[in-house]
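Paired with chain B in one complex and with chain C in the other, chain A is shared by the two complexes that follow.
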Partner chain A sequence: MTAVPTPSRTYDLSFARWVRENVEGGDKLNMCMQCGMCSGSCPNGQEMDNGPRKLFMMVRAGLKDEVLSSSTLWECTSCYRCYVRCPRGIPVTTIVQHLAALAAKEGYAPKNKVENYFFSKAFWWSAESFGKTDERLVTMKYFFSFGFGEGIRKALDNLKIALGMIKAGRMHIGLPHTIKNKSQLKAMIAKAKELEQKG
Partner chain B sequence: MKFTYYPGCSSEATGRHLDESTRAVFPELGIEVEDIEDWNCCGASVGHIGGGPLPQLALNARNLANAKKRGNEHVFTSCAACYLNTHRNNLAIRDNEKKRQAAAEILKAGGEEPYEGDLKVHHAMEVLVNFVGMDKVKERVTNPLKGLKVAGWVGCQTVRPFAETDDGGHYDTYEDPHFLDDITEACGAEAVDYKPKTNCCGGSVAVMKPEKTLHLMKLLLEEAEKAGADVISTPCPLCQTNLEMYQEAINKKYGTNFNIPVVFPQQLMAVAFGMDPVKDAALHRNTIRAEKLEKMAKK
Partner chain C sequence: MTFVERRGTMAQDGPHSQTIAVIGGGIAGLTAALEAAETGYDVILIEKEPALGGRVTRLNRYFPKFCHPTCGLEINYQRLRKNPRVKVLTMHEVVAVDGEKGNYTITAKKLPRFVNEKCTACGECGKVCETEIDDPYNYGMSKVKAARLPHEHAWPMRYVIDPVVKGTDDQKRIEEACKYGAVDFSEEEEEVTINAGAIVWATGWRPYDARKLETYHYDSSPDIINNVEMERLANHDGPTGGKVVRPSNGEPAKKVALIQCAGSRDVNHLPYCSMICCLASLKHAAYVLEQYEDAEVHMYYIDIRAHDKMQTFYERLKVDPRLKFIKSKPAEIGLGEDGRPYVKGERTIDRELYCESYDLVVLATGMEPEAKGVDIKGDVVKDEDGFVLALEGEDGGQFSCGVAAGPFDVALSTMSGTAAALKAIQAVGAR
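Our next item is the complex of A and B:
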C-alpha cells in the first residue's frame, strides 16, 4: 500500500484517489450526489461533527487531516441504515468504518483521545490473546485506558450492573475462556498483519 | 436438517440465555445444531480498527475453515455481529479474488487448506423464516402465551444490510420487518404495534459511552410502554443486554420508572413449546425478570 498522500494545493485529488484505491468501498465514493439521506438517517448523527454526506465531500476536496480527525468515524454505531437507504448504492457504513481503521493506523485517533479507539484496542487485545472476547476484561481494560483514577470511577459506576450480571450467570468469575489452538490463531494474525503492511 | 452453529463470544457470558434457548428450541423445529470446532471471536464492529481489516478477515477465515470441516452446507449464528462478520467475510472470500488469496495465505500460515467461500451463512432468524417456517413453529406450540403483549424490536444488523438480498435469503425487509411479530403470534402471544422496531440502541457505542446513547434506548422503552407491552422481544444479544442493563441509568437521568423485561424470541418459543423455564428458556438469566412470562411457563 502506498503512503497516504497529503494534498498540497486546492483541488488536489491525490487523497480522494488514494481513498478510492485503498479504502474498502472507496471506489463507489464518487457516486455520491450529496443528497444527505445517510446523515438524515443516522441514529447518532447529533454526536458527529460532519455526518457521512459532508465527510464524503471532504474526501473529494482532499481534506485529509479534517477527514481523519472527524468524530464521524468514531460515532458510527454500525447500524447500516445509511447503507441500505443510499439511493446510489454506496456502502456508506463500510467506507466510514474503514476510514476509521485508516485514522487509527495513521495515528489520528490516539491524538484525539477517541473512546472508540481505546475500546477497539482493548477488544482486539482480548480477541488476539484468548481468541475470544472476554467482556469483563475488555471493559476493565477500556475503563483503565483513561488513567487509574478514571478507571476506578468508571468501574464503581458499573459495579451494580456487574453484580447483576454475575448473579444471572452472565459474567463468569475466573480465568478467561480461550480457544484451544491459540498458536494457530497467532500465526494467522501475524500473517494477516504482514499482508496488511505490504498492502 | 443439520446446521453448523457459531455460538459467538456472548454465548459464554452476557448472551448465555440466547445460546441456551437456541440450543433448546432449534432441535424441536427439526434443526440439528453442531458447533464449529474451536470457534473464535468474529471481531465484532471494532476488530477492523483494533487489529486492522485483514486481521479481522483472519478471525473469520479461521472460523469458516473450521465450519467447513463439519461437512454441512449451512452455518448459522444467533448473534447479529457474528452473523454480519461471518457472512460478509464469507462473501468477500467467495467474490473478491484479492480477499480469497489473502485468506488462503492466512489459512496456510495456520496449517489449513484454502477456503473458497462455498458455505452458506445465515442468521438464526433467517433459518426460522426460510428453513423452518411459521406453520411449523405454530404446530409445535403446546402452551400458547395467551394475553402476553410483546413489542418486537428487531434492531439493526439482524436485517441490515443483508435481509433483502439474494445472499440474505430475502427473508424480510429493512424498514418494516415482520418476522419477529410473526414469531410472537405463532407463540400465541399478541404482537403490539411497535414503531421503532428497527431503531438502533447505540450498539458498541452504548457500551463505550452510555451517557451519549441513553436517549436512543429511552425512546425504545417509551414506545414499548405506550404500546402496552409486557415484554420487549429482540433477536440480538447486544440489544438485549444494553436495553436491560441501562434501564436504571435511564431512570436516573430522565426521572422515568422503566422496568421492562427484554427477552429473546427463542425464550418465548421455549415457554410456548412447554419446555423448562430454567434449563430451556433460561428465564433466570434476565436481570429484569419477565414475571408474566415466567408465570405462563410449565413447571
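Our next item is the complex of A and C:
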C-alpha cells in the first residue's frame, strides 16, 4: 500500500462560507450546477485563466489564494451575459466584481501583473475627481501606473492612435470634462464609503 | 348497482352523473378511459386532434427496448373497438370546466372536420385535392394534402379536411370525388357542453418553444431541430421516409450534436427537469449510429439523468466509441459560414472553450404542459409550471394523469392513467 497522498495545494474550507457571508450575491453561489453556460458565454473568456464556472468551483474547494489572485476577476467587463443566461439565476457578474474589489483590498492584485486593476483605478480616479471620465487623463494615469519609463514608452507607442483620434474629433483638447456641483458628488461618494464601512 | 343502471346515467344532465370524462386522447388518456370503461363505467374521451394517440403516435421508437409505439397503441385501439362504453369525441377542444363532483359541465369547441362517419378512408378526396398544408403530424417538416388521413395509423380511420379549401375549387372537386356522401362542408365550428361526474385531465404536453432559446438560433438553419422533429426524421412515415438526413440539403447527417436541457432546468425557461430528454437523446444517438457506420455523435449534457432502470440503457449505449459525451451546457448554437450549424461553449471537465461544426444539431427541448390557457374551476389546481394537480385532501372529482400531471415517460404515463381511472371511479361510484 502506498502512503496517503499529501495535497499539493492549500485548501481553506472556511473560504466558501466567507464568500457566502461577505460577497454580494455570494449566498446564491451554492445554486451553481457547474453547467458552463457562464464561461461559454463570456466574450472575454479566452483571456481568463479560470472563467466564472471554475472560479466558483474553486471557491467551494477553498482555494482562497488561487481565487483571489485569479485573472478572471480582472478580465470581467461587466457585460452581464453570464448573469442573464445563468439557468440558476446566480448573479455571476456581481459576485465576480465584488470578489475583485475584495481581492484588491486584501492586496491580492499585484503590481505589474494585473493590468486591468490599474485601469480600474485610473478610471475611478477620473470619475471621482471630475465626475466624468476624461479619456486622456485616464489613459495617461493608466500608462504611468506601470512606472515612469514604461509610461513614456506606452504613450509613444499609442501616439499615432491619439493623433488620429484628435483629428477625427474623438478626443478633445483643452480642460478636462467636469460636472457642475462637484461637491454634491463628493458628498455622495463619502456617504457611500461610510455605508460600506458599516457593512 | 348493475351495469344497466350505470349505463342509464350516460349523458344525463342530472346532479349525480356517473359518466367519467377524460380530456386528452394520448397514451395516458386512452389508458384512463379504457381502464374505467372496462370496469363498467361510461366514459367520454375528448380529443382536440382529428385522431387519437397524441405525442406517442408521432414517436419512432420507445426507449429502452426500441419497440414501436404503434404496437402499444394498436392494443389500446382494439380494446376501444370492443368497448361500447367509451364515446370518443375528436376535434373537440375543451375551453372551460365548471361544477362539482357528480355534476361537471365541460364546454368544448367542436372544430369542423368536413367529413362524417360514412368515410371509408378510400382516399379519393385526397387525390383530387390540390391545396397543400404544413403537415401537423410531421410538425410542419413536410407538406400534406388539405384533404388527408391524419396518418396511416389514425383512429378513427377517417379523413379530415382543412378549412383552407372551403369556398375554393378544391371544395367542389372533393365533394364530387366522394362516392359515399361523407363530405359535408356545411359543418361549422360550434360550442358544445358535456356533462360528467368526474374528470380526468390527460392533456399532455408540447415541446418547449425552441425559438425562446435565443442563443440557440433555432430559426437560423433547418439543420437545427428539436427532439420531436428528430423522431419524425427517423420514422418510416416521416418527412424523409426514416433517413436521418440534413433537412437543409438531404445529405446524410453523420456528425450530430445532441443538446440536453434545451429549456429545461433553467429559471429563464422551464425550471424543472423534463425527465425523458436524456433517454430520448440516447435513443436519437442510436438512430444515427444504426444508420451510418462512420457516424459521430456528441451528446452535450449537464448530467445524464437516466432514471431508475434506465441506467442500464445508458450503460449499454455508452460503450460505443462513436458516441461521445461532452459535459457542458452549450452557450451558443448558430449557423456557421460553411453552412453547417456550430455549437459553442465551455467543456467543464478541462475548462477548454470549443466551437464545433455539425451536420445536424438536435435540441432536447423539454416538456411544457398543454393545459395552459384552459379555464379550470373547482377541485384541481395548476401549479406554477402549469401542471394539473388534484387538490390534496379534497373530496373532489377532478384528477390528472400523464404529462398533464408532471414530466413522465410513457410507462409512468400509463401507470398514472390507471391510477387516475381508479380515483375517478371512486369519485362517481362512492354513494
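The working rule: the second predicted complex is superposed on the first by the 182 of 199 C-alpha atoms of A that agree within 3 Å, B and C clash if a C-alpha of one lies under 4 Å from a C-alpha of the other, contacts with A are read in each partner's own complex, and residues count from 1 in each chain.
Operating definition for what follows: contacts are C-beta pairs under 8 Å (C-beta built on N, C-alpha and C of every residue); 3 or more make two chains touch, one makes a residue touch a chain.
What you see is a predicted model; the values in this text were computed from it and never measured.
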item: Contacts of A:Arg153 with chain B and chain C, given as first, second, both or neither; value: neither
item: Which of chain B and chain C A:Ala100 touches, first, second, both or neither; value: first
item: Dominant toucher of chain A (residue count), chain B or chain C; value: B
item: First (chain B), second (chain C), both or neither touched by A:Asn181; value: first
item: Contacts of A:Thr139 with chain B and chain C, given as first, second, both or neither; value: first
item: Intersection of the chain A residues that touch chain B with those that touch chain C; value: 84-85
item: Residues on chain C engaged by chain A in the complex (per definition of touch); value: 215, 261, 265-269, 302, 327-332, 344-348, 351, 353
item: Parts of chain A lying in touch with chain B, wherever the complex brings them together; value: 24, 43-44, 47, 75-81, 83-85, 91, 93, 97-98, 100-101, 104-105, 109, 115-117, 119-128, 131-136, 139, 142, 160-161, 164-165, 167-172, 177, 179-181, 184-185, 187-193, 195-196
item: List of chain B residues in touch with chain A within their complex; value: 9-10, 12-17, 38-41, 43-55, 57-59, 61-62, 102, 105-112, 156-157, 160-161, 164, 174, 198-200, 202-209, 212-213, 216, 241, 245, 248, 284-287
item: Chain A residues within the chain C interface of the complex; value: 33-37, 39-41, 45-46, 50-51, 53-54, 84-89
